[in-house]
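Alright, structures below, take your time with them.
Two complexes come next, and they have one chain in common, chain A, joined by chain B in the first and chain C in the second.
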Partner chain A sequence: MKPNGSFAKLFSVLFALFMLAPIIVVVGVSFTPTGYLEFPPSGISLRWFREILNHPDFIAAGWVSLKLGFASACVATVLSLPAALAIGRGRFRGREALQSLFLSPLMVPTVVLGIAFLRFLTLVGLNGTFFGLMLCHAIIITPFILRLVLAAVIGLDRSVEMAATSLGASGWTVFRRITLPAIIPGVIGGWVLAFITSFDELTVTVFIVDPSTTTLPVRLFSHISQTTDPLVASISTVAILFTVVLMLFVDRLYGLDRLLIGEGKR
Partner chain B sequence: MAFLELQGLTKLYNHFVAVSNFDLKVDKGSFVSLLGPSGCGKTTTLQMIAGFTEPSSGSIFLNGKDLSNIPARKRGLGIVFQSYALFMHMTVAENVAFGLEMRKIDRSERDRRVADTLELVHLAHLADRYPVAMSGGQRQRVALARALVIEPELLLLDEPLSNLDAKLREEMQLELRRIQQEAGVTTVMVTHDQSEAMALSDSVVVMENGKIRQEATPFDVYETPTSPFVSNFLGKSNNMRAELISQTPDGAIVECNGIRLESDPVSLPQGPVVVAIRPERIEIASSATDIPGRVTERVFLGSQWLLKVETGLGELLVTRRNTGHREAAPGDQVFLNWDRRHLRILPVEQKVSRT
Partner chain C sequence: MTGQRSWSLSAPALALFGVLLVVPLIMTFVLSFNSFDFYEGISNDISLANYKEVLGDSYFYEIFARTFAIALATTVICAIIGVPQAYFLNRMTPFWRSVMVLVTLGPLLISVVVRTLGWAILLGNKGVINTALTDFGLIERPVKMMYTSGGIVLALVHVMIPFMVLAVWASLQRQDPATEAAAESLGAGPVVIFRRVVFPQVIPGILSGSLIVFSLSASAFATPAILGGRRIKVVSTTVYDEFMNTLNWPLGAAIAMLLLLAVLVIMVSWNRLVERRYSEVFA
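The block that comes next holds the complex of A and B.
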């Protein structure tokens, strides 16, 4: 198969369609004027977007998800940064074990994590609180940040820091002026990835939310288990739009390919 | 006391001897190269001078001060790293200004010194560029300017030219020498490239297995190596096992594969030796005398020819200046000779253990 032959092009187009099809359907459905899910929509209407405003519970859940994503991504970043620096360049006993520990939330089935978190939060008396939920999300999303920051740290040339030291910079100055700016694309990329992961986390969250801390995915999930109106589609479209805007913003700031491929150097 | 003095500097990693009892004196303003194959301890030595590696024993004195208890960031040395180690998120001027900023030098003087140093390395016109938009040679100059702007007492260069392509490397050699002399800064360079060491240095320190093998001017190291290792490491050399059979005040006689060769007098005990002759000192004789041989290979290098000649002594490399005529071709019979003063008689190498 030639890399730019017509067969290869056809394959690429089909593959892209396969990836995009669900999103296209959801966005299409959200513009329907009818009271049921239909695709392609029989007309263009913003009826179901206006309908969102009549559901303060969805808006409240959206705010919870935003705040939760923001707070947990920040907490996980603060935890991951020193961990990545230590794991990426330290040569100490238990380094591998530490790395596995931080990445373990990716390996444990989410259902198991959900039950474990529920038990644990009840035990420490944080069940049903936003704080407890935020801690659980921080744990789940830590691997995403850690991996990106770790890639950036490993790609960092140690002699750059040595150069700064030889020019008279203290340890803290080296970190602030040299190390952090060099790995910041990895840190921001990890933060965004973590935020999005927290924003649409469902499996673990269902176990540990209570009515006051219901997140958007949990609210949507319980909504579609009762009715199937195009409201879920319009809310999803808003969420997709939000994600796209976030990604564009990050792309303008640092270049998306660099973040997701994890290239540390410019 | 010399300007820079290393005394009995030693570095052990567990039981591995990286650097062993290293003594060195460097005069103010001179350019010294530590030359050796990878793993010979030259980089470890540089790291100890810089303060990034702590010596197991021994001391370092710079301008009369003992550096032992001075951390790297307070030694005030200029260092150019192999990778250049530029700050990629800063412009050229910001890179160069960093050391002055750390020294809390006020804005106007900082700007002036950055401008002067960029002038010195011919980069004044690129002050606002980011390193990513620069060539290897330009990055090299930025690294040099950044190290020189703090007016270091000592400049350390770690394989400074090894990331440049061959043509640029030759240009930068001359440039580096000019800059070092204009700045008048005492310099220690680490390199594995013998031509770089010879072109730049006032003095070359050849290292092997953590030890100094020979220290002299580039000319003396090349002309009078004291060991087969050094003669092979600097330039090309035909080294052959031989037996020293007689010595008189007017000369020595060695026997190699049953052929007797004469040399200038040497001070070595009779017995096994290594004889060494540089390829460019071997002549191709017009008459059928001396050492007969047969050309087995011929390589054209532009300014010279490289011949491999099979002789009774073994296979010899011979280089011949290209004078515009065709050289002897593979299969041709030739006769080789040389002036006996070019033949070096060296002691047989001892294997050294590093643990």
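The block that comes next holds the complex of A and C.
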């Protein structure tokens, strides 16, 4: 294959600029020493990062998002792991229907999911609770974990498991000592992707939070809907930094393209 | 693995999805047939009144038309930019390819709210783009980009283009590089190779990418809500207003059900079309 020509290189540079522009701008304005949005900033100041400390509501929302992402990713992983084993290995009626059901949150418009959860949680008295929020997030992020774990399960060589079984290992021992270590990169990759998806989620969450369980995206959204100031930029910069660290970690561990295409390259 | 064992392994997830996904969706469907009174709230009678109200009002027609026009424009632009970008990506050296993958996919992991904030800062009347253009003397008055459909499309392209690049790139990886080499040895230039050899082979990727981009754009919320404000309403922001401001849940549910129906019909017929088309080609 011939290397890319100069047109291709120019195109790629412009494309990269387009992809990074909004992120560079957010990070840039967050360092402004002035009281308004300016880009490029006239100086470098941490004024708006210190200002975050004067806004406990944003900090509380950040904690809710972290806890929510952690809890819902764990719940979704615990539920997806056995389901992926069943779907990946079982030959039974309803297998495809089951898989479609578990992937369906990707197909339904998020706003529809949001109102459906709102309607249900209100009727059972869980609306605005952390518990209700966690279960709803677990549903939204299950498809992301399931796809990755499923890819790992399908790509697994069964002969090692059979060898273990023939040597007298129990089903649980085989799972714990052979199967789980073999699919663990897929599981961790899925967990991180699920965590990030939950951490970033807005459209569903905006319907089902109350002031005590407001998440960071919802808090930012309601602030930005009224005004944009350097404060939201500095908070966003912290969130971006956090995501970049997670992203680099997961890219090393699993490969970002594999993570997001959702297929193991085998 | 036996069927019984499979079902018991899936049971916990199935229980959660049954109770918290299937039941709420059915309840929302029923809700869309209920009626609403400002003083009495939601009553349990069943009628088609909400659907009649939505389908009989040009106000809602305009919102649905705008939503699908924005989704269509986003899809077309994503294809125009995403296809060549995926092609160039496939031909990069491993180092630059991994850098570009990070640049393309990384933004997917950053909250849409944050990315849209970036666009709001760029597109405002006193925003980065307008200030720069004025400083260079290219324009005298700021170009209005916030609270326009164009601004929403631009930001949506940014949100959606990774999906198009991924889909096209996946189909490029299945393609045999020898076909390009053959065309080149027969004297074809780069443009002809792209148009006659590469492009026809990535059409399935473009079609599946378009489907993802279109359906996600049609139901996008954060971007049109922030960049469109109250002036440029789309279906999802209208549903939000009905639920959270007007409190007419049944009407909001009916609008949402129509969106769901429209998206599902488009997805299914698109899949049919693609399958028919390609069963003919590969039969």
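As a working rule, the second predicted complex is superposed on the first by the 243 of 266 C-alpha atoms of A that agree within 3 Å, B and C clash if a C-alpha of one lies under 4 Å from a C-alpha of the other, contacts with A are read in each partner's own complex, and residues count from 1 in each chain.
The rule we apply is simple: a contact is a pair of C-beta atoms (placed from the backbone, for glycine too) under 8 Å apart; a residue touches a chain by one contact, two chains touch by 3 or more.
Quantities reported herein were computed from a predicted structural model and do not represent experimental measurements.
By the touch criterion stated above, A:I52 is placed in contact with neither chain B nor chain C. Residue contacts after overlaying the shared chain place A:M162 against chain B, while chain C stays out of touching range. When the two complexes are overlaid on their common chain A, residue A:P181 makes contact with chain B while staying clear of chain C.
Of the two partner chains, chain C is the only one touched by A:I196; chain B is not. With both complexes superposed, C is the one of chain B and chain C in contact with more chain A residues.
In the superposition on chain A, contact is made by A:A239 with chain C only, not with chain B.
Of the two partner chains, chain B is the only one that A:S170 touches; chain C does not reach it. Of the two partner chains placed around the shared chain by superposition, chain C is the only one that A:I224 touches, whereas chain B remains out of contact.
Across the complex, chain A meets chain C through its residues 1-5, 8, 11-12, 15-16, 18-26, 29, 37, 39, 78-80, 82-83, 85-87, 89-95, 98, 101-102, 104-105, 107-113, 115-120, 123, 135-136, 138-139, 142, 196, 199-200, 202-203, 206-207, 216-217, 220-221, 224-225, 228, 232-233, 236, 239-240, 243-244, 246-247, 251, 256-257, 260-261. Chain A contributes residues 157, 159-160, 162-170, 173, 177-178, 181-182, 265-266 to its touches with chain B in the complex. For chain C in complex with chain A, the residues that touch the partner chain are 1-3, 5-7, 9-10, 12-14, 16-17, 20-25, 27-28, 31, 81, 84-85, 88-89, 91-93, 100-122, 124, 128, 155, 158, 161-162, 166, 170, 177, 180-181, 184, 190, 215, 218-219, 221-222, 225-226, 229, 235-236, 239-240, 243-244, 249, 252-253, 256-257, 259-260, 263-264, 267. Listing the residues of chain B that touch chain A in their complex gives 50-52, 72-79, 81-83, 85-89, 98-99, 102-103, 132, 143, 146-147, 150.
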